[in-house]
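To start, the structure itself, in structure tokens.
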Amino acid sequence: MKIRVINPNTTCAMTETIGAAAARVAGPGTQIVATQPAGGPVSIESHFDEAVAAVGVAEEVLAGEREQTDAYVIACFGDPGLWSARELTRAPVIGIAEAAFHMAAMVATRFSVVTTLGRTGIIAEHLLQQYGFAHLCRKVRAAEIPVLDLEHDPDAALRKIIEESLRAKHEDGIGAIVLGCGGMADLTDTISDAVGLPVVEGVSAAVKLAESLVHLGLKTSKHGDLDFPRPKAFAGQFRHFSA
Amino acid sequence: MKIRVINPNTTCAMTETIGAAAARVAGPGTQIVATQPAGGPVSIESHFDEAVAAVGVAEEVLAGEREQTDAYVIACFGDPGLWSARELTRAPVIGIAEAAFHMAAMVATRFSVVTTLGRTGIIAEHLLQQYGFAHLCRKVRAAEIPVLDLEHDPDAALRKIIEESLRAKHEDGIGAIVLGCGGMADLTDTISDAVGLPVVEGVSAAVKLAESLVHLGLKTSKHGDLDFPRPKAFAGQFRHFSA
Amino acid sequence: MKIRVINPNTTCAMTETIGAAAARVAGPGTQIVATQPAGGPVSIESHFDEAVAAVGVAEEVLAGEREQTDAYVIACFGDPGLWSARELTRAPVIGIAEAAFHMAAMVATRFSVVTTLGRTGIIAEHLLQQYGFAHLCRKVRAAEIPVLDLEHDPDAALRKIIEESLRAKHEDGIGAIVLGCGGMADLTDTISDAVGLPVVEGVSAAVKLAESLVHLGLKTSKHGDLDFPRPKAFAGQFRHFSA
Amino acid sequence: MKIRVINPNTTCAMTETIGAAAARVAGPGTQIVATQPAGGPVSIESHFDEAVAAVGVAEEVLAGEREQTDAYVIACFGDPGLWSARELTRAPVIGIAEAAFHMAAMVATRFSVVTTLGRTGIIAEHLLQQYGFAHLCRKVRAAEIPVLDLEHDPDAALRKIIEESLRAKHEDGIGAIVLGCGGMADLTDTISDAVGLPVVEGVSAAVKLAESLVHLGLKTSKHGDLDFPRPKAFAGQFRHFSA
Amino acid sequence: MKIRVINPNTTCAMTETIGAAAARVAGPGTQIVATQPAGGPVSIESHFDEAVAAVGVAEEVLAGEREQTDAYVIACFGDPGLWSARELTRAPVIGIAEAAFHMAAMVATRFSVVTTLGRTGIIAEHLLQQYGFAHLCRKVRAAEIPVLDLEHDPDAALRKIIEESLRAKHEDGIGAIVLGCGGMADLTDTISDAVGLPVVEGVSAAVKLAESLVHLGLKTSKHGDLDFPRPKAFAGQFRHFSA
Amino acid sequence: MKIRVINPNTTCAMTETIGAAAARVAGPGTQIVATQPAGGPVSIESHFDEAVAAVGVAEEVLAGEREQTDAYVIACFGDPGLWSARELTRAPVIGIAEAAFHMAAMVATRFSVVTTLGRTGIIAEHLLQQYGFAHLCRKVRAAEIPVLDLEHDPDAALRKIIEESLRAKHEDGIGAIVLGCGGMADLTDTISDAVGLPVVEGVSAAVKLAESLVHLGLKTSKHGDLDFPRPKAFAGQFRHFSA
């Protein structure tokens, strides 16, 4: 089974972090292909970054289709381009935000999200609402660290995430923490040990969900809303999407 | 990894059906222990049946705890005794209704449920509301077959389920069907082929989710709401629960 | 008119407290039959306790049916076994949580719940969501007293409940308090006097609602969802439920 | 105990119908004072009718206050002036729409409303949403009869209401009918017999709820939102409201 | 284009404030007719005040209809009599609360409301729920100033509003402030400068929305719910409404 | 005032249709700049088309910023790239779906959407949910016409839209129709005349809302969620976004 884990930003170090986290939990028969778009932002910290990254995600899914991919993971907590990616393939596509929410809902009655920057909290809130998990999430919290600090100053980042997670534990009436950034994928155990709560991290969660769907033979429905896009012409820089 | 798949009713044939469905999707290192309570209803078709079955589920979790169980599946579509079971163990516990809803949400934008009897539809509706999936479910439909007909008259039952699923496909604007009874666990492929939609069945879905949580090291949170019950005395027929 | 007030736990002293509270508000023609199951937990402080108690509630409803009962009250704030009980009788069945929520909604725009232990708050939250009162409840608060302390150390318990209720009054922007435990049934007036707010207590509320439904000739609907359970075999310790 | 049952419209015959329905269910110690405003519409079939009637309701509550009234019922299904009335008194005030919804929620899992004119359905929908019962109501249906036809051509009106109620029974998946007009208060038994479902009628429901609140000593909260209006000057035709 | 801006209270000074605010933003071809009912409360600070004012609003719409009015604004933050007013005319009718919510939703993801008295917060909460904006509003806050203090002690009122708005900015995670009273219409710029956030004020917002609807040729739908009220007799002080 | 009306697809004829519709309703001092991205799909009929178009929208907003633009309209009914666009400018940005929903909410209590292809209905449903208008929309309907048929076979398209709108009028219990595609911008009057309901079209609605916000001095909040994106490097085909 081949799972393409797409880091929607263009920072190789983060792709490696994500790929390693994915590989760590992958089953014996699973091949993890960790990749990133050729074009796009070095980190995703805004709706604009997300909008650009969504095209890169689509490119990566199309590339994956040429390589017989069994499932896809979109490894940014805003699930950029999720519905679009699902249209481009019969294979299951899992976003790490949804993955984390699904898993958290099975080990606790209520959780809080700890993300990087406060300004991206609204993206998590919109997803919680769209997916139906809003009532399970007590609070979307931010450690107020730029995404790339997870790579550049990991110790300080880790400390802030733990501090915010402990505040969540003591103030929010929760049973679990959801980590709100793909770049935190290697920190799960450390945070969980420090906080004393189940900590749900989306990359690993998504890999297991992707494997599960493949094992179950469940594919993205091509009846109705998520059918392949109607072939059509694209202009300019996107003309390679024409069909 | 040992997963205890609990059929909450006391019909052995259904336990076998469920166990076989679980084994079919289980990973190579997974041992499926399919069981049923010593006491309880032969089928679950009402809130009363569910209430009695929930005690059987608790008994079975406690039995599982004495055998080093890694995860539990509650294989009745009403998820009877789910929260109670989660309190009794650190292991993950998955209900097949929630499992099916989680999986369906990842392969389609909207789904319909096809269950056995119309009168149990309200149980599915309550779960959809509690879990947060109500807006994803277009309709809870019933094939109007008693649960045990799935064992006694499987051909007629299958035909009715397919008919109702086709109605759902053509009338509800959906991308997937969720099967609303553990006893349908062996019919998934046939129904999916006949209907031409992804068909999500809860027993198999729950097994993969349980395996996933175990692989991720995610356990039922013991901080707060789902902590082990406070030890106390129980009277009468339940005095063996005393601690 | 005969109302069976079922204390779902097996602590006689609490049954007496509850029965006295029920009798205090019952109309002149109403006979209160306060009872408790022969088997079950001495107090209800978890989902597991609730699951076991729900069977006791069913037993008590079936007992009541043999005695021409006009209505039932389930006197534990989690409303354990409510839907199951409704299936077993044509008589109205009222849970004390729902009763308190209904009444509170008629005397204030917003209320807070003050319950015993924090861990049971999720049970109240689930009920508020299911019944549709979530938006009326500002906060589910806990005095952090074990249920039986209401019997064993009533003065300390009362003091903590009043303190938490005063916090609710001053911080939550509410007009009324809902008491979140059947064992508080005798404290209503004292708390209301101390807090200066309407205090809604479920046992008394449920008795008046039960009387009201009986006077109106409104019975549990036997059309559809709440019809009598289909007769079937039960195994083991529950074989007496067979029909 | 004195309950003032306010018919918000100015048609005496309807006041009599409503008063008789109220008296029929009132307890032995309850005095029903059925009244109507001196000014206002002869029937309430629009938001405008409701707006005018709300002032009449306020006048009637103020009149009731001068006569030591223990509780008030607003006997129009739109609950016109409910929150305003609650501010004007410490006594409980019950609208017949909310009363019917509360009662229906205790005898069935789902209900439909059968009202007079389709155009007033939106008023019921707004109330269902505000009170939190929207998910319990499958459909708001109209028999398409003007309100006063209930007085002028009662047989035809009754026939249409029964027809619409039967459609609700067969198409909506419900367990109970809520009658959506105070003028139907004398038809409950006939409709229930013809339809074979519990039929909840608001005037009788509200009287029992009002009695219940009085017996429980629960009064409209004067802490916060529903406190007496701040005294102030009123101009023109409303100067008698000045204080 | 003639827009009738109805101040629902009877304080001339406030009508002038509101009229001036409306005129300030009106387009070149727009004539603002600022008016107030002959009868009603001098300020609106309760549901009762609102109920009385709603009749005044209806009178003013009927007066406007005799003068070829193109659109109406109801300039009190509770939108009193909004649905009633819409029935009385084909012209668009805009409430200032809804207008402010609509506009705020377009310039920020989340906002807080700053109103006058805490007791009127529930009115805003009910509107947010009915209109569908509840999830966009973090908090309804009160500066705890009586409405007429906006006229009598404007400096103190302004100071309190700014203080509360700053608390909203720093504590609520918002991007905009909605002013919760028509009497604040002249303070918008000062508050916005002091607080450093977009401040949405309903009178000006409603005038632009009214103009927009007129320019688009969009009128209040007369199909169904908002059709003209059925002509009927009114008694007593309201007999002039008879038709 | 300069409003940039961005047609997110790359079909010039549709840009002209949209620009003409915008110009028709623009105020005397408003300059409409109708534009389209250099790159992207010729029509938008899927999530994938939307994802690509969202980048084009961002490009167009950045282009608009270099020309002193006062407000932006995104003229595709899925509001592609709306939040991203808002981050890139202080000027107001309005999507035509949200614009149509806001306007429809002010002229009717309930509406239905009539869009092009059934598969895009889910996009409208997601927006209705996110914005808070889901309860106001009875049904999202599709005329089942590809977007470009609006240009290529306008008569047939118009006929189908009218037929579907009439079905909505007669079956849905609505007061208004919302047109679900920017390409229908020139058909509003014809459809409204044929259907006999207010028909709300998003391009014209958005232009008036944009003008309104500009006149009110309300700009996209730069405090928090919608602040300018943090400057950062972009790789590959998107490196021109680097800052």
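For reference, chains read A, B, C, D, E and F in written order, and residue numbers begin at 1 within each chain.
One rule holds in what follows: a contact is a pair of C-beta atoms (placed from the backbone, for glycine too) under 8 Å apart; a residue touches a chain by one contact, two chains touch by 3 or more.
Chain-to-protein mapping (UniProt): A, B, C, D, E, F = Aspartate/glutamate racemase family protein.
Since the model is a prediction, treat every value here as computed from it, not as a measurement.
Chain geometry summary: the mean Cα position of chain A and that of chain E are 43 Å apart.
Between the CA-based centres of chain A and chain B the separation comes to 28 Å, rounded to the whole angstrom. Taking each chain's centre as the average of its CA atoms, chain A and chain D sit 52 Å apart.
Shared interface positions of chain D, defined as residues touching 2 or more other chains, are 83, 109-110, 118, 121-122, 129, 134-135, 173, 224-226.
Contact topology of the protein chains: irregular, matching none of line, ring, star or complete. Remark: the chains found to touch one another pair up as A-B, A-C, A-E, A-F, B-C, B-D, B-F, C-D, C-E, D-E, D-F, E-F. Note for the complex: chain C touches chain A at residues 118, 121-122, 129, 134. Across the complex, chain E meets chain A through its residues 109-110, 135, 173.
Looking at the complex, you find that chain D touches chain E at residues 10, 37-43, 45-52, 54-55, 57-58, 81, 83-84, 86-88, 118-119, 121-122, 126, 129-130, 146, 224-227, 229-230, 232-239, 241. Interface of chain C with chain D (complex): residues 25, 27-28, 83, 92, 94, 98, 102-103, 105-110, 131-136, 169, 173-176, 189, 196-198, 200, 204-205, 208-209, 211-213, 215-221, 223-226.
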